[in-house]
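First chain A sits with chain B, and in the next complex the same chain sits with chain C.
Right after this comes the complex of A and B.
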């Protein structure tokens, strides 16, 4: 028994190091100086920890080299833009997807399997294979480099995912309460709002977080649709920063800032997110 | 006139109408935002695009034919399958391993679950960039640690032509395995404890218990993880862009990255779209498999 315990804890420690090391290292880079990071061997625990690079990003201090200050400025803008885009995206997507998920999880109608198939397929499309027409269409409708453009792109990718997840969630909720509400004279939308939404609140909260983090983290569309514009979000800003050599500390600070919201949110809502089981195969099976 | 009378006028949907009223607009949005680009991409793939004006000159299946004959494309298809097969095997085994640990009873189990979940929550692009700095041959911390521990004498280049692809798999697994692990974990938790106890009473060893009790219960989840990871590995792009940029040489240029390079570095839109379609067809085949698996009832 004791041996088994020790073995388990050894495995737990190994896995924890594996999972946390890159996150930990980004943080260490962010509080080190470039000199410490580029010494050989690099200092794993910085001798003189500094918050200089965070201050630089938030514009509290300036560097002599205007290029670096400029990059830090982009990171700050990226943070604001990412937060804005992710916020709007997660609100609108969750609104649409919870209605859609409700219908898929609760109603039977001719063509249900086919529509489900379409939804599933649109989630399977590799983003890279539609990026050129996307770029072209956005260029045509003057949506390149705009907030609404990126929000639309993120919504297109996220609605299927969230519907899929929420459909599973709705189908697990007890049907009796809803039936009672309907018998009492509630319309479908009213029953949805008054009875289903409160019951589904944990699932919808988790879906909202899933949408927020996915939009916040998204790189490819953000990179191609917003790079160089005033709507440039955080990941493309970090990509721009990476091309500059020997700015490891600033890079570490940007990466840390970019990882904080997803990490905090998924730590707080871990239980709910896991309850969705992300793309729940079990409930999808029940559905067919 | 009866219907104008408020008492008789009933504006109520049937269930089917209600479902359509909500689903049809959503399907239309999806059609506009993904269906249209896909068809447009088909159109471009049949033509030659002038990068300056955007004018398309239709040339039939020329792009497809030359893609099928192009050794560079062949190599990247082979590389994609190579990446997918190691990534998939790795994803299934690592997910199973993580799930089995998470399923054990020990203090700090909840914290551990959060720790396992974290890599999946971070951005694939950002975490791949961090991995790139960790693996860097000039200032990388992996080299620093190994040098401090005297395991190597000088800094080593990790992302070599021979091993770069394996490192991509490692980084991709770091990001993806948690998702698979939680799939398997939810299956593991549905196994009744009595079955284990009964097996123990019957004198079944660890391996026998795993094979005869655990495995039948998680077989389905393993299958889902297998297909899902194949699909995700097939679409992977960020990790290649951030970690290796297709290099060194062409050693990590998979289909997705090749499409990116042809489109945005060589502005060869028609050819890139044709390759996109090859990628799309393979992903659809995989998605179909997934769909069949999902909708088939568990026996």
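Right after this comes the complex of A and C.
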């Protein structure tokens, strides 16, 4: 029994170290100086921790070397763009996906299965395989390098996923409550807004987080559609640091900053996100 | 305050017929009970009236207005659901006020009406509570209050008592009946409990497989069931149904069962209506049978007591007659299992059904 327990703990610890070490290393890099990072033998914990590179990104200090300041400026811009794109994407996506998910979860209409299959199919195709037509269409409609272009691309990828998740959530809500609202004098839209939406709040909260973090982390479309433009988001900006003069500490600070919003959001909304996956009539009742 | 008329209404769900060519008139201010086993289509009828389902065929009228195309929010009917379907994110006050808010009543009027309704149902102390902070009975009252607060044209109730405990059910039954008298609104009440139907309804509609089996007052459906289904469904203790053949033998007219004969020669009604050789089902209500330890007439049926279920003031006795079990109620509490007894029946109260069609002959 004890051996089994020890084995389980060992396994958990190994997996945790395995997955947390890169995060830890990025953080260590961010608080070290470049000199320390290249010293031999390497230090796991820096002797003189510094917040210099964070300050640099937020423009609180300046470096004499304009290249480094330029890079930091570049990351700051990426942070702002990412926040803007992810915010708009998660709002619009959740709005559309909750309406769509509600309809697919609740109503029967001719062609329901087929149309839902088509929507979901867009999720099954690897993104890389449609990137060329995407690029061409965006070029044609002058959407390359624009915020709206990237937002549209993210919405196209996220709406099917969120609709699928929310459809499952809506279909678990008691139908009688919605019917009660209809009999009590609500039209379809009002019943949705006044009764179904508040009841689906945990699911919608979780879906919003999912949309935000996915858009925040998204690399491929951001890289191809916004690189080098004023709309470039954080992931391609970080990737860009590799191609410039290697600034490992700045890279570490950028990576650490990019991880903060998803970690904070998922910690705050953890119980909602868990509920989204484990939803059943019991939890709905618990919520009610 | 509306007369509801369903004309040849049919409703399918995929391959199953929930309501099959049903025509029904619900009178103004009537307490009509839709009664039947689960899956008989009674709730679908209620949903059709509320507009939550649209009929595949047929029409629905409120008074003389065709309402087929009218959405639920425009029909001005109120509904109480089996699960109460309270809005979980609103407290009792907001739940009750919700229909009035939808109708854009002024705030003061809403407040006045909610408080009035709450005091009518004795739930003033619950108004600030959320549904999950209430017991089943309290939720049920809030659901009732939400339905009556706006004085609807008709009041639809879908098994509103089925989630209450037995004692609560009896007291709420009386209250609902009184509420109907006070409000003077058309009530349509769905239940699978024949006791609720008998005690509350002005008229009972018995349904099975989406069709109406019988419509009548509680007395009519109890005393003159139109077929075997109605006979077996109505009555606290189900009717005894015994298969017999009607035969003429040595100048006598007999109902011949596997293990006993009943001489019906002297009952002209029976002899006139049934042809010799017809296979019939004899229906005997437990309360119309008497049991005694000695034989009092030629026609008494002999049997052995198989089980005794005491109920306090009386007992349900299961008597084994040949291969059949006959249930009857008796106030003689001294009867014991295994005793030899004789069953006598009141011929005015026996029911005879055609075995093939199930329809009542007498």
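A few comments on the model shown:
The rule we apply is simple: the second predicted complex is superposed on the first by the 266 of 288 C-alpha atoms of A that agree within 3 Å, B and C clash if a C-alpha of one lies under 4 Å from a C-alpha of the other, contacts with A are read in each partner's own complex, and residues count from 1 in each chain.
As a convention for this text, contacts are C-beta pairs under 8 Å (C-beta built on N, C-alpha and C of every residue); 3 or more make two chains touch, one makes a residue touch a chain.
Model, not experiment: these values are computed from the prediction.
In the model built by aligning both structures on chain A, chain B fits alongside chain C without clashing. Legend: residue contacts after superposition of the two complexes on their common chain; A:107 is shown touching chain B, with no touch to chain C. By the touch criterion defined above, A:37 reaches chain B but does not reach chain C.
Judged by the touch definition given at the top, the superposed model places A:26 against chain B, while chain C stays out of reach. Shared-chain residue A:64: touches no atom of chain B or chain C. In the superposed pair of complexes, A:187 makes contact with chain B and with chain C alike. In the superposed pair of complexes, A:47 makes contact with neither chain B nor chain C. Considering which of chain B and chain C touches more of chain A, the answer is B.
Of the two partner chains placed by the overlay, only chain B lies in contact with A:131; chain C stays clear of it. No C-alpha atom of chain B lies closer than 6 Å to any C-alpha atom of chain C in the overlay.
Judged by the document's definition of touching, chain A residues 187, 285, 287-288 lie at the interface with chain B and also at the interface with chain C.
Of all residues in chain C, those touching chain A in their complex are 47, 50-52, 71-73, 75, 77-79, 81-83, 85-89, 98-99, 102-103, 131-132, 146, 150, 156. Taken in their complex, chain A has these residues touching chain B: 5, 8-9, 11-12, 15-16, 18-23, 25-26, 29, 37-38, 40-42, 44, 96, 99-100, 102-104, 107-110, 112-113, 115, 117-122, 124-134, 136-137, 152-153, 155-156, 159-160, 163, 187-188, 213, 216-220, 224, 235, 238-239, 242, 248, 251-252, 255, 258-259, 262-263, 265-267, 270, 273-274, 277-279, 281-282, 284-285, 287-288. Across the complex, chain C is touched by residues 174, 176-177, 179-187, 190, 194-195, 198-199, 201, 285, 287-288 of chain A. Those residues of chain B that touch chain A in the shared complex are 12-13, 15-16, 18-20, 22-23, 26-27, 29-30, 33-38, 40-41, 44, 54, 98, 101, 104, 106, 108, 112-119, 121-127, 129-131, 133-134, 138-141, 143-145, 147-148, 155, 174, 178-179, 182-183, 186, 220-221, 224, 228, 231, 234-235, 237-238, 241-242, 256, 259-260, 263-264, 269, 272-273, 276-277, 279-280, 283-284, 286-287, 290-291, 294-298.
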